[in-house]
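Should a chain be cited, it is by its letter among A, B, C and D, assigned in written order, with residues numbered from 1 in that chain.
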């Protein structure tokens, strides 16, 4: 099963490209949709023992490397499946040109393989390679339409991404020198006896991941890249890609390799708190829907980070749960933004207004996702924030707990601004003839907001998923 | 059994959500059936004691339910209202849109409320508590087209207070080292006080007290009427006061002299007065009632806040009484709306003849809420007065004043709606039996609980306090004759005031003018009028001014919710925006600086 | 080996650091995207050097070489993609000046 | 060791040249020179395979890429270029100073470091290492290359609208 998760998409990618030209776009779309759906179902059901990971034993000799699935991997597999599915649905309707669409599916294939790889890897350098594969395909995805702005966003992302690579590779070199290898077991074994330079290596790698995940003050590229990316790309980018290469890898690293030392905890807490506050404040001042969502993304990553910074099991569960929630509601919000942009041709909050009357489904779903992000009960986002705050409080980080609560008010403030400017109030002149988006755009939004509500309502069972 | 009462409405709700709108009668059947079965189960469960715990998530979060006399009593009340209101909804909502959603939310509300009452674990309770918020959101949003904004407003206000509740629960849990409610007993000092206040905010916000009330009047206009009868008037109140009583009596060791008690009483007194003054100037049937729904909570909070047996028993008794007469009032409003098509008081009038049964039910409920003996509101209010007087005359004064205004506003309401004339009055017919039956039953209960008050007090309320009752029995007639006398005087004053008001202004209730300006009467009371005129006018001016001020306060609360955050953070925001210059070099420098700081941190720790 | 090894490490480390300083300085100070790309290249050179040094000093040269080769492959892909973006940027703005890439701010 | 030291100093100087020179073409050549020097350093350190890669890919391919980008984009008039040349000194004079300060400063730091010997399971042979133990990296490389291929397809394809 483990190998299938990366080889099936790979083989499918190759096969799809061998097809006659006419068949390519539709077949690649359908195949990828199928794979994503299968992956989501697998990841959702696997923890309950409903699907067995079959045939995982003998394959190792064939490929000669280890891919291990644990519950953390399933989390990323699930998020990648759900978000990829939604992005693909959005892409099918918002990308008009067939070639562009085909290129998008191809790159999404690569992203999917990359993320699946990341979820199962047990080697620091292989992790880096997969992260880089994701990054390269992301640069290209941002430039899918070759829009004027997109060059700027892609270049900023590229430059900071190389800086991140430099940090991570230096750290890998230090690990080779002071631990004698790059696989998780080797590093973990020798980390105990290592000195200051190994600790610097850890810090460097974490900083590289911070850049990839867009935490303050490493976040400069994030808002520009998200804003300038085409609609379906920003769905997948904000929903899971940067989180997979940044935050997820960090969780993996912390749990499997380096553990929680007081210094790491402090680092996570401080960076997390700064990200929460700065991200939320920056989002408050935005006029562009996507940019606002991008900054909100930074702030939400901060929440995950402070939860990790507790260093407790509960904190870890909270972080994982928030990771999933964020994947769901943020990709949904970007899907909504895509629908708004598609129908009105504008993302500027100043020129929108009263859209809830014209686009009721988009209005309600985006309200649900916004409120979930802000941690308004009983939506799923509330539960993860509750867990984060409890985790912070129980582990004695009262100051950070208070920051987390206050910042969730800020979150509420900027989302209310968004709702008020875009969806409430008088129907502005510009949108007076707007109609609801097409069904294809709405399906992911409705699906994802149903998930938000559903996860909130069956929270007890969801949390069991993570406790396992 | 204990699980069944949660699961039954839950499943019924989910089923009715799936029933398409075309199939008429199916959803109604499901709702009626499940609520009546629920009522039977609740009756069977009554007087039982069950503890039910299965270990669950770890971290002290267990699937733990506890049935004892208090929760059984609330359970019974919820089931009763559920049955009555589902019967009413069948008639009221027949043929409207989005019925499957309405019944689904309604049944889910009942299910979550049952769960919240039964839960013996704070986190589990919070879970059900939040479920209610979702159904609240859903209920409002299926109303009118503009309901979207109101729904968000309600969601945000209740959501924020629930955040407080959540913090309170986290704090309580860490202070008490357990989330199991029956094992918590904390002092209210230091962090304990903070925890109590946080939990209290959640509880009184659910009950709809000031300053968390402002969504209720809006929702009164936008949401379907049975929703108002069940959510703000009955179930939320029951839950909020239930939880407030639980935290004040069980979870925390409160004593009468404490600051917390003072805080509760102040909130109660302010809520009574401010909301009732707002009610006085309303011109819409439902909106007027919804402000009373807020004001009556004040009595309960005041009663429980006194922390003396008379007050607590009074508060709880008032809770059940209020649920009765307030839902009866809302139902009467719905009946009027159904028959006349409007709730605007200036368009209503003369309905008393055309809708006699509704009128009688309204009168019963109105005199109950005004505290006229021997109806139920009278007895519970007397107890609250008794308790309040024990703690300070100022609270007593507030309660009595509130009573005065309550009576005055209901006189106005009844006068405007049921007496006099209007264009539509003659064409109006009495409502159908399914609408009348719940009203009659509830009105009957109002009388029963008043005339034979030992029944509710002995069977339902006094066991809750147990040893804290100090052996006293509040059943029967009130013991303090002076308080009764004052009450009667106040009621008489209200009637007088109404009479003068109608005489003086003649507005809103214009149909009654000719009686008051009849030649013989006006000369007889000329002198009295001259003497009474000025204080009354000034009084009314002050009242108006206060009402306007309160309106401003109301607006200000809205403003804080919506604007102030933006204003305060604007400076920060613009500074941050300025620093994001779009220059990639800057971003690289930030990253490097961040990495440097990280490395230094790692090295020095 | 002890002290001698230690000395060698610090010597190599100094050169690694100098190359990093050059690279970052180039990224931060120059106005031309191609020069920024040259700065990035210098950083990658520094890192490749450091990886090989790590393998050389710890006797783990096989691992270090295989890692270095992978890094070089990735590096060339990134540079090619970057070159493509820069050419597109030039077509769009008719200039390579980095100051043109400041339209998104705030 | 002395040879290594010399090569490294040369490498830093070549890097410095590539930054300080005012002509882009020269900068590219300087970068290639840096690459070549790195190759020699790698040979000196007994890493021939990586060295060959570095030489062929970095010194060769990347230089070609750079030069083609320059030829596609470089349209600066000579006058402007000469004017800018004067200002460049203002921006770049701190670099050599900075390098000196960093170099001298770091040379005072001599803490003993504990270098770990290779893990017992590690293989000394690069071929075994690469083809048998690090297959996942190879798979990752294929992914990166695939992404690069799509990048070239998308980025170098002319705009459909004919621009």
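Points to keep in mind about this one:
Basically, contacts are C-beta pairs under 8 Å (C-beta built on N, C-alpha and C of every residue); 3 or more make two chains touch, one makes a residue touch a chain.
Small disclaimer: the values here were computed from a predicted structure and weren't measured.
When the interfaces A-B and B-C are ranked by how many C-beta pairs touch across them, A-B comes first.
With centres defined as mean CA coordinates, chain B is found 42 Å away from chain A.
Taking each chain's centre as the average of its CA atoms, chain B and chain C sit 66 Å apart. In terms of their C-alpha centroids, the spacing between chain A and chain C amounts to 27 Å.
Chain B and chain D, compared by their mean Cα positions, are separated by 71 Å.
Residue numbers of chain A whose C-beta contacts span two or more other chains: 125, 129, 132, 136, 139-140, 143, 146, 155-156, 159, 163, 177, 180-181, 196, 223-224, 285.
Contacts with at least two other chains are made by residues 111, 113, 115-119, 122, 134, 137, 140-141, 144, 147-148, 151, 155 of chain D. Multi-chain contact residues of chain C (touching two or more other chains): 9, 23, 27, 29, 36, 53, 55, 57-58, 60, 63-64, 67, 70, 74, 77, 81, 85-86, 88, 101-104, 106. You'll find the chains touch as A-B, A-C, A-D, B-C, C-D.
By the touch criterion stated above, chain A contacts chain D in their complex at residues 6, 13, 63-65, 97, 103, 106-107, 110, 113-114, 117, 121, 123, 125-126, 129-130, 132-133, 136-137, 139-140, 143-144, 146, 177-181, 186, 190, 193-197.
Contacts from chain D toward chain A in the complex involve residues 111, 113-119, 122, 132-137, 139-141, 143-144, 146-148, 150-151, 153-155, 159-160. The part of chain B that touches chain A in the complex is made up of residues 56-59, 63, 126-127, 129-131, 133-134, 141, 145, 148-149, 152, 155-156, 159-160, 162-163, 166-167, 170-171, 173-174, 562, 565-566, 569-570, 572-574, 576-577, 580, 582, 584, 586-588, 590-595, 598-599, 601-603, 605. Chain C makes touch with chain D in their complex at residues 1-3, 5-15, 17-19, 21-23, 25-26, 29-30, 32, 34-35, 37-39, 41-42, 45, 48-49, 52-53, 55-70, 72-77, 79-81, 83-88, 90-91, 96. Only residues 24, 27-29, 36, 98, 101-106 of chain C touch chain B when the two sit together in their complex.
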